[in-house]
Amino acid sequence: MQLLPLAEAIATHVRDGQSVALEGFTHLIPFAAGHEIIRQRRRGLHLIRMTPDILYDQMVGMGCASQLTFSWAGNPGVGSLHRVRDAVEHDWPGPLTLHEFTHAQMAVAYQAGASAMPCAIMRAHAPTDLALLPHPATRQLTCPFSGVALEAVPALNPDVTILHAQQIDAEGNILIRGIVGAAKEAAMAARCLLVTVEEQVERFDAGMNAVVLPAWVVSCASVVPGGAHPSYAHGYYPRDNAFCQAWDDIARERESFLGWMRRHVQGSRDHADLLRSLGVAA
Amino acid sequence: MQLLPLAEAIATHVRDGQSVALEGFTHLIPFAAGHEIIRQRRRGLHLIRMTPDILYDQMVGMGCASQLTFSWAGNPGVGSLHRVRDAVEHDWPGPLTLHEFTHAQMAVAYQAGASAMPCAIMRAHAPTDLALLPHPATRQLTCPFSGVALEAVPALNPDVTILHAQQIDAEGNILIRGIVGAAKEAAMAARCLLVTVEEQVERFDAGMNAVVLPAWVVSCASVVPGGAHPSYAHGYYPRDNAFCQAWDDIARERESFLGWMRRHVQGSRDHADLLRSLGVAA
Amino acid sequence: MSAAPWSGDEIMTVTAARQLADGAVCFVGIGLPSAACNLARQTHAPRLVLIYESGTVGTRPRVLPLSIGDGELAQTATCVVPLPEVFAHYLQRGRIDVGFLGAAQIDRFGNLNSTVIGDYERPRVRLPGAGGAPEIAAHARQVLIVMKQSPRSFVPRLDFRTSVGYLTGAGSRRAAGCPGGGPRAVITDFGILRPHPETEELQLAALYPGVSVAAARAATAWPLQVAAQVEMLAGPEPHELEVLRALDAHTRQAHARPVRIAVPHSGPSPRGLS
Amino acid sequence: MSAAPWSGDEIMTVTAARQLADGAVCFVGIGLPSAACNLARQTHAPRLVLIYESGTVGTRPRVLPLSIGDGELAQTATCVVPLPEVFAHYLQRGRIDVGFLGAAQIDRFGNLNSTVIGDYERPRVRLPGAGGAPEIAAHARQVLIVMKQSPRSFVPRLDFRTSVGYLTGAGSRRAAGCPGGGPRAVITDFGILRPHPETEELQLAALYPGVSVAAARAATAWPLQVAAQVEMLAGPEPHELEVLRALDAHTRQAHARPVRIAVPHSGPSPRGLS
């Protein structure tokens, strides 16, 4: 485990054309890391995430991605991702190939990746048009004991998984508290695991059964206070729901989107600078 | 969720001929519940557990079981289970049919059961004689994407799973702390879930990510202090390693075994009484 | 309905809440379903168990969440489990009594589209996609659908079938191996549609005060069947409206609260090896 | 060896400990492997990562556990994960550098039997069974086997193949699709056997002070091959013996400590509904 400033961590570990999962389920979304990827102008990424939201809207709108693997793309409780829609509907700023799953499918796909399985299985249910997509990703299988119809889903093994977490301890272990989504599975499935954290502590104040990633499964970590804003870090700051609502207007038009990104992301040296520019820094 | 005295819980929910998993991985083994099953003279049980140890030695030796599904049967750090050996080697007190797996296979089998899957898959590795057993339980399968050889393991869904845990709260939720083994999976896989606990509290003093079984997945619970002895309950009492070592001599001969069981298990009204008879009660 | 002392959303929410029996285990989506479940919990069904797909089990939010994973949901939960467990141990295992769904389009058999309007490859409107809906639709013991009724959304033919209702009706869902019971009610801003017991085609089963059969039919782009007996639903009770509006008010307040994050003023980030 | 200032167990433990490079991730079994790993951690390999199959990851016991799941292992761990995760996310995922195994029987290709002696259906000795061994044998990057050498245990033909070593040698293990590297060393009370680079048959590669090739051969029921160069192993250093004996002493003390449990004197158990 290497502890590096975020810009160096991204420069060292994220390359054009890789598959990159910035995971997080509403909670602990690694916004700072995604913004740094935008600043460093990565291209042709295959973005992976169960719930692409504002961060992927920004990354897609800024032209970082050519593919998206996902199960639900929206601004939770608000509405559409206008930039993702623009990419899908009008190829702006470029075409975006979609690999579309359900939540349950992505969950088992990450689990399979985390377990070095080539695929996962789940119960097959009545046919939906997801099975008719141009790149149908699931296949039918039969239980060799019961004859029950099963569905096989290919494993997800991102080149890089990026998470945000609350703490790193003196040994480099990572603590996640609260809603974890599929973060652990995405972490264990990755070829390279980057983590940003709110703070470094000597020792965690957490029980034995806490969600901890051992230092030696982490490739690189960076201390980035506020690194999940406008999502949240339980115990540190709440979700910026007002910002999430405001994003709908910002992202609706290409012009206003680009203006906002130039001013706040590209115009900021780092995440602290960005939070100051948003008036969020205390 | 019903809160009942243990004797009533067992009388109500455990029937002759059922498949019963008293799970626990060295930690939190539901000894009190097992002893109550012995007192109530259940017969023909299909016992299930990854690591049958002293408790299953006692239950097999007392004639409760006709089948055993397991992956490792021994007295950890001490040696053989003499009563299980006697059943397998000499049909005493009756024949015992074995269904034998590896730890990894049982773990995924419980996971499958907990997920309503008819089977689980894992990577196939080089052939062992486990595949040649009289009742070979695993089947070969091929990954429909990669062609990789996989092994299918049938799901485990015990009629009854019995766990010991630290606490029950005012709503009937169950808290497990420390080593969990496959307890959660065995619980979720069960048709009926019985739990014994060290104590009832108003509210758990535990984090959001603690291992908790919601009241509504539990069929019945009983408050049984010391219910895991001679195994342990983290935060309450340690493993009685001296007893585990002494068991080797007690269980070696049929005579000494039956004498001990008569005196301490059948001769005790309940678990508190048993602990007193062992000189363990404080 | 414009003269009524409640909004369309309010009567839909109250009507949805009334469908929930105390003690039921609900898989809750964000928005109106979340409001309905929490209204029910604070009125007639205090022991309702709410599971959000973020992994919060048995949650009791005091403030309605904006997202499925707000901190409030974790803070007030019996436990927070990893997301794969929610879908495997709870939903697929058949432990969910009621699943809530909404969509952009519904057909006469309660099949739903939340993927695209128009052609998949070059859609007119790209919608969020499947999320947890296909498995909720398949596995929940019963599904409640909440959608505003209009000819654009109640369509003869879906542009994309994301989640199954009764497929083509007449037992075809069960024959296809779906373990759950399918949509038992579609709650709209006109009333409630329920499946015909044999054909499984949705038919108008209940209406709100002051709403006509003709209006409900006009808002449906297929020839809407009408049940032999159309129930007249009572409007929201003052108590229900009060609780619901208080929930909404708390939520608006909470969501408007500015977020402040302590950020170090300068200095290099720590670095090192472990 | 009776004249040596150490026991057979001690020199085996010290020799096993010396095989472990600092920082390696070890899947540890109970007994001698656990002693060896903790000896290594307290001497030359302070950053050794110990994983016990009970789910304790990165544990640092001060007292050697009697069982694989003693409280001490959980208390001192980086984290405690559910058992299915240990086997899936760590072992099957290929994150284990060194797996330790023992058995009742071993053959010349390092295949192991821990299931039965005699016929499976009516065994002479029923052994504990597979446990985690087959997957450790298959997936760990390398396997260290620790077994006392005798003609009863080092046999030409296993009564039951529980875990694979090199199968029938000469690349057959790799051909069968085993991802891990197989047994790199068999540490006995005579010395070390290692696989021949081509045939993969175990050959005598090292001996303890004062042990002869002839003695090692006499303790092996197949014609034991001998490496071109047989290394002479150094005996335990005083420092190593001191640490090991201190560990053992703490452990004996801890395990003899009587357990006392507070039990209510009488009164009915609580009952109720929730």
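First chain written, first letter: the chains are A, B, C and D, and each begins at residue 1.
Operating definition for what follows: a contact is a pair of C-beta atoms (placed from the backbone, for glycine too) under 8 Å apart; a residue touches a chain by one contact, two chains touch by 3 or more.
Keep in mind the model is a prediction, meaning the values are calculated, not measured.
Listed here as common contacts of subunit A and subunit B: C, D.
Centroids built from CA atoms put subunit D at 40 Å from subunit A. With centres taken as mean Cα positions, subunit D sits 54 Å from subunit C.
One inter-chain figure worth recording: subunit A and subunit C are separated by 25 Å, centre to centre, where each centre is the mean of the chain's CA atoms.
Touching of two or more other chains is recorded for residues 111, 115-117, 122-123, 171, 178, 180, 208-211, 215, 234 of subunit A. Under the contact definition stated at the top, the residues of subunit D that touch 2 or more other chains are 74-75, 80, 88, 92, 179.
Taken pair by pair, the chains that touch are A-B, A-C, A-D, B-C, B-D. Listed in rising order, the residues of subunit D touching subunit B in the complex are 30-31, 53-56, 65-71, 73-75, 80, 82-84, 87-88, 91-92, 115, 120-135, 138-139, 160-164, 167, 173, 176-179, 254-265, 268-274. Within the complex, the subunit C residues that touch subunit B are 23, 25, 49, 57-58, 74-75, 77-80, 88-89, 92-95, 179. Interface residues of subunit B facing subunit A in the complex, by the touch rule stated above, are 115-123, 139-141, 143-146, 148, 150, 152, 154, 176-178, 180, 206-211, 234.
Contacts from subunit B toward subunit C in the complex involve residues 111, 114-117, 171, 173, 188, 208-212, 214-217. Chain contact summary for the complex, subunit B toward subunit D: residues 1-6, 8, 25-27, 50-51, 70-74, 76-78, 80-81, 84-85, 88-89, 100-104, 107-108, 110-111, 122-130, 133-134, 149, 171-172, 178-182, 184-185, 200, 215, 222-226, 229-230, 232, 234, 236-245, 272, 275-276, 280-282.
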